[in-house]
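Take a look at the structures listed below.
You will see two complexes here that share subunit A, one where it goes with subunit B and one where it goes with subunit C.
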Partner chain A sequence: MNELQFLTWTRGPGLNIAVGILLLGVLWRLIEIYTLGRKKDLAAPRHAAGASGLHTVFRRSLPPPGMLKRSPVSYIGGYLFHVGLAIIVFLGAPHILLIKNLIGLSWPALPSQFIGLAAVVTMAAMVVVLFDRINKPVKHFLSTFEDWFTWAVTFLPVLTGWMATQHLLLPYTQMLALHILSAEILLVVLPFSKLFHGFTLFGSRWYNGRVNAHKGVPV
Partner chain B sequence: MSASLERGIHALKEVIDAPIASYFSSCVHCGLCAEACLFYTETSDPKYTPIHKLEPLRRVYEQEYTLLGRLKKMVGLSKPVTDAELDQWQELVYDSCTLCGRCSLVCPVGNDIVYMVRKFREGMAVSGHVPDGIKGATKRTVETGGPMGLKWPAVANVLKHAEENTGLKIPVDQTGADYLVLLSSMEIVNYPEYIEALAKIFHKAGISYTLASDAYEATNAGIQIGNSDLAKVIVSRIVDAAERLKVKKVLSPECGHAYMAIRWEGPNLVGRPFGFEVVHVLELLDELRQKGVLKMKDKFKDPLILHDPCQIVRRGGVLQAPEPLIRQVAENYIPIADKQKLNWCCGGGGGASAIHTEEAEALRAKAFRIKKRQIEEAGVDTMVTFCANCRITIEEGFDHYEMNTKLLGLTELLAEHLEPVDANSASALP
Partner chain C sequence: MQGPLIDTLARRGISRRTFLKYCATLASMMALPPTAGRAMAEAMAAARRPSVIWLPFQECTGCTESITRSHSPTIEGMIFDMISLDYQETLMAAAGHQAEEARANAMKENAGKYLLIIDGSIPLKMDGAYSCIGGRSNVDLLKEAAAGAAAIVAMGSCASYGGIPKANPNPTGAVSVSDIVKDKPIVNIPGCPPIPAVMTGVLAHYLTFGSLPELDDKGRPKAFYGDTIHDRCYRRPFYDQGKFAKTFDDEGARNGWCLFELGCKGPVTHNACATVKWNGGTSWPVESGHGCLGCSEPDFWDGGSFYKALSTPADPLKFAAAAAVVGAGVGVAVSFANRAKKNAAKTTHETTTLADLEK
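After this line comes the complex of A and B, so read on.
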């Protein structure tokens, strides 16, 4: 397989397989989790302003009082790379084009220089949170193979995408093929790893908010 | 696999529901929950990270309820949960978790970690991995009515003294009263002033109440241990008495986990909603304050801070009552930074204070440093709280650090400064 054939494979069958596994995987995992159900709370509810599942879904996006000071790297690094990833994935011109080809929807893109900058900031933030994971006793203690692996799986598409656009190290075609392949690995890994928090965090926040709202506590 | 371990794993499988599955699937190992846990902040030992305390439960979830986990189990790639491991986890689930729920307040993906610890304890209880101290307290509650092994004659004796001291009749087993008053053993034994305070306040407000000679104990060691069957036996005693005496409301004492047990867990344990209302004593007092019944003859002068018990405030939802009440009676109340639902635990909740091993006591003393700091930073010599168990733990902390801080119960403080009662009315002793 030469580099052009490789690129063609990643853009064709490779992409189809990855998106297929992602969709089926996400669907399977959501069913696996949420069909477990939960018992109805029979205690008489107490009502309080600001206490509900939905409130917590939004409220938990901000650090609770005192927490930013306790763990600034987690919050600032976390915000930077999550927002950075979202900007790159959803506002980069080639990605919008891909989404358009897949589902037919499209929207205006940001200039490529801006996306390039977002990629650099995202990678820098990811490296910082990686060092934090290595250095901070709690994070290091909690870390398993999955944590290092998912970090790499998330980092590589950003790195290869940025290198392809900057024409670094490898010819564009090769780097682009690697970029697409790494993104496909990310899609395949996503439903079956902690990366799935991108889906379940809404359910988790909602449950937490709902259970505590029953007692009249906004959490 | 031993029979008890098998039952324990089965119990763990039973408690895993959609929220728990969602929580485990959401955790990104960020470790922020550690920053909310006093056992971590005061020891810097990563093993006290709240989510880590659930590792055996997480593996049971993964191995039993996820496709990948089941595949891994089939080909022998997963690590089974063992008796030795659960034994090791006892320290993490009981000694170093007070079910305070502060971790559930900070998790960025929204995990309600304390919800999971509470469920995990059910499997620990079934498989026999429960500290002796809590086991003993539960056994005594079932056999004698209270965790301290206190029987009714002793309670009746305390009531008699309270009647003598206040000049007021304390009704027992009276049908049709507004309130059935529950107590906690600790109040009966260590803080009988609480009963006197209530008698005075009820008298002044003209509210009818009664105690039940077969259901006076509000605490529920079954819940602390994580044994739902025992918890149900204990809570049913109160439900039966409330229904037999046809009261409108049941009054939970200051005690934090007693309130949790009867108000929030009770209906779920007996499997039906209650036909009566459960009210925390501070909710009642605040209602009386708003009606203008709770008038003070004078105010407490010394500067003080408030310790909000976790099970009443953060976990129980009695958020608004404590501050107005303390302002009602204290001239120099100093609000602290982490107050109300953000307050730090005393270190002895969730049954932890019943564990008397050397290690558990040393750990509690370490965890108490956070309260010590709060007191020192506020520069006060008085702290007020409203949970009998917090009081015991805090007094132990004061002793350990040889602090001269005064600890007061909010209800008693209010009673002490209440306008005097008129002993010539109907409920006065003849």
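After this line comes the complex of A and C, so read on.
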């Protein structure tokens, strides 16, 4: 298999398989989670200002008082790489084109140099967050294989995409194929790992906020 | 036309100065040091015409058209004329047994010294019966001619990589020259067709240095195939700015914006079209408003649609709908299983009373 065949495979059958597994996994897990149900809370609801599902959805994006100072790396690094990933995935021209091709929606792109900068910032933030996880004994202790694995699976598409556009290490064709392959691995892993938070994040925040609002506690 | 090349050129009205300029251009095009231009001029001027045998196999004659027709009035055409082209079916006057005799004689007289040019792929299925010359299969002719060749030039994508005949499902079992010949230096000059200046550049290098130019991992001269079309494209700034033509007749297309979204394969195609251009430097595909097809890359024909951007699926998604249905089905089934488990737990649940605890 030469590199063009490899690229064509990743753009054809590879993408087919990856998107198929992603859709299968996402629908399976979302339906399973949302049909689980909970016992009805028979206690009378209490009312408190700011206690609701919607409030919690937003509040959980902000560090609780004092936490930013206690673990700045987690918060700042976390913000940086999440925002960076969103910029790269949703505002890079080739990515928008892929989305348009898959679901028909499109919007204006950012210049490629800006996307390149976002990739560098994202990778730097991710590396810092990784070192923090290695260096802080508690974080290290709490980390499982899944944490290291999902970090790598998220980091590789950014690295290979950036290296492809910068013409580093391998010819563009090979790097582009590796980039698409690594993104496909991410799609396959996503529904069955903690990366699924991309889909469950707001639902679970809403749920927690709703339960606490019933008890009259804004969290 | 015997004797040194410079004399022949002089007879044709080409001045020494023009010839030197041509050599300097060729040298710089091939990224050779400035002194190489002079060395090239001296070597080429003194060169006796080397014997060249050009064998056409499973091909469309587009490579020959490219070399001869578009460049015949230029100096490249002259240089090309100056080699001793002892066998070229399309160009030679002889036919039939006479032609075959010319080939046999050239091979015998210049054994071990001639340059063999191949265009077209070599079919292997049915013992090579898909393409025969004078009753002999291409593979047979190639093996015979390659044995006495000093070097082989695979002209065009078919000879270099199998090209269109090798495209899926490859009915004739087409292969490239390098799939068959393993013991001779081979230089691939892919393209459908290849650029004439690349051909003459390689020949000039061979005449000057007595060796083939530096090749990349696909056997192509690095000097011409070192960069991608995209990297040298004059429309590249539009790509970087995110300005794309969306259709072939929209505002973007009229403004000459990047053709990436219309399926241009420039980013993955190594060739010199963007710098050397075509038809004596007149234009080239992207300049004329059409994206690159990637014709100088192996298996370009099977690389998905020419009009689909590289970052989009090569084929429409096949399993997406089925996978969504299966996923939803599994989700529903699992949720029923969970409900059943909960209900079973509920029915088997025994109420604990205060009396039970005090037992």
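Quick note on the criterion: the second predicted complex is superposed on the first by the 219 of 219 C-alpha atoms of A that agree within 3 Å, B and C clash if a C-alpha of one lies under 4 Å from a C-alpha of the other, contacts with A are read in each partner's own complex, and residues count from 1 in each chain.
Everything below uses one rule, namely that a contact is a pair of C-beta atoms (placed from the backbone, for glycine too) under 8 Å apart; a residue touches a chain by one contact, two chains touch by 3 or more.
Predicted, not measured: the structure shown is a model, and the values here were computed from it.
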| item | value |
| --- | --- |
| First, second, both or neither for A:208, with subunit B first and subunit C second | first |
| First (subunit B), second (subunit C), both or neither touched by A:135 | neither |
| Per-residue touch tally on subunit A - higher for subunit B or for subunit C | B |
| First, second, both or neither for A:48, with subunit B first and subunit C second | first |
| Which of subunit B and subunit C A:166 touches, first, second, both or neither | neither |
| First (subunit B), second (subunit C), both or neither touched by A:29 | both |
| Contacts of A:67 with subunit B and subunit C, given as first, second, both or neither | first |
| Touching partner for A:196 - first (subunit B), second (subunit C), both, neither | first |
| Partner chain in contact with A:109 - subunit B first, subunit C second, else both or neither | second |
| Residues of subunit A that lie at the interface with subunit B and also at the interface with subunit C | 28-29, 32, 35-37 |
| Residues of subunit B that touch subunit A when the two form their complex | 16-23, 25-32, 34-36, 40, 44, 46-47, 49, 51-52, 65-68, 104-112, 115, 263-268, 271-274, 277-278, 314-317, 319, 337-338, 341-342 |
| Complex contact set, residues of subunit A against subunit C | 2, 4-5, 7-8, 11-13, 15-17, 19-21, 23-32, 35-37, 93-95, 97-98, 101-102, 108-113, 167, 172-173, 176 |
| Interface residues, subunit C side, partner subunit A - complex | 228, 230-231, 239-242, 244, 260-261, 267-268, 294, 297-300, 302-304, 308-315, 317-320, 322-324, 326-328, 330-332, 334-335, 338-339 |
| Touching residues on subunit A, where the partner in the complex is subunit B | 28-29, 32-39, 41-44, 46, 48, 56-57, 60-61, 63-67, 70-71, 74, 78, 136-144, 147, 192, 194, 196-197, 200-201, 203-209, 211-212, 215-219 |
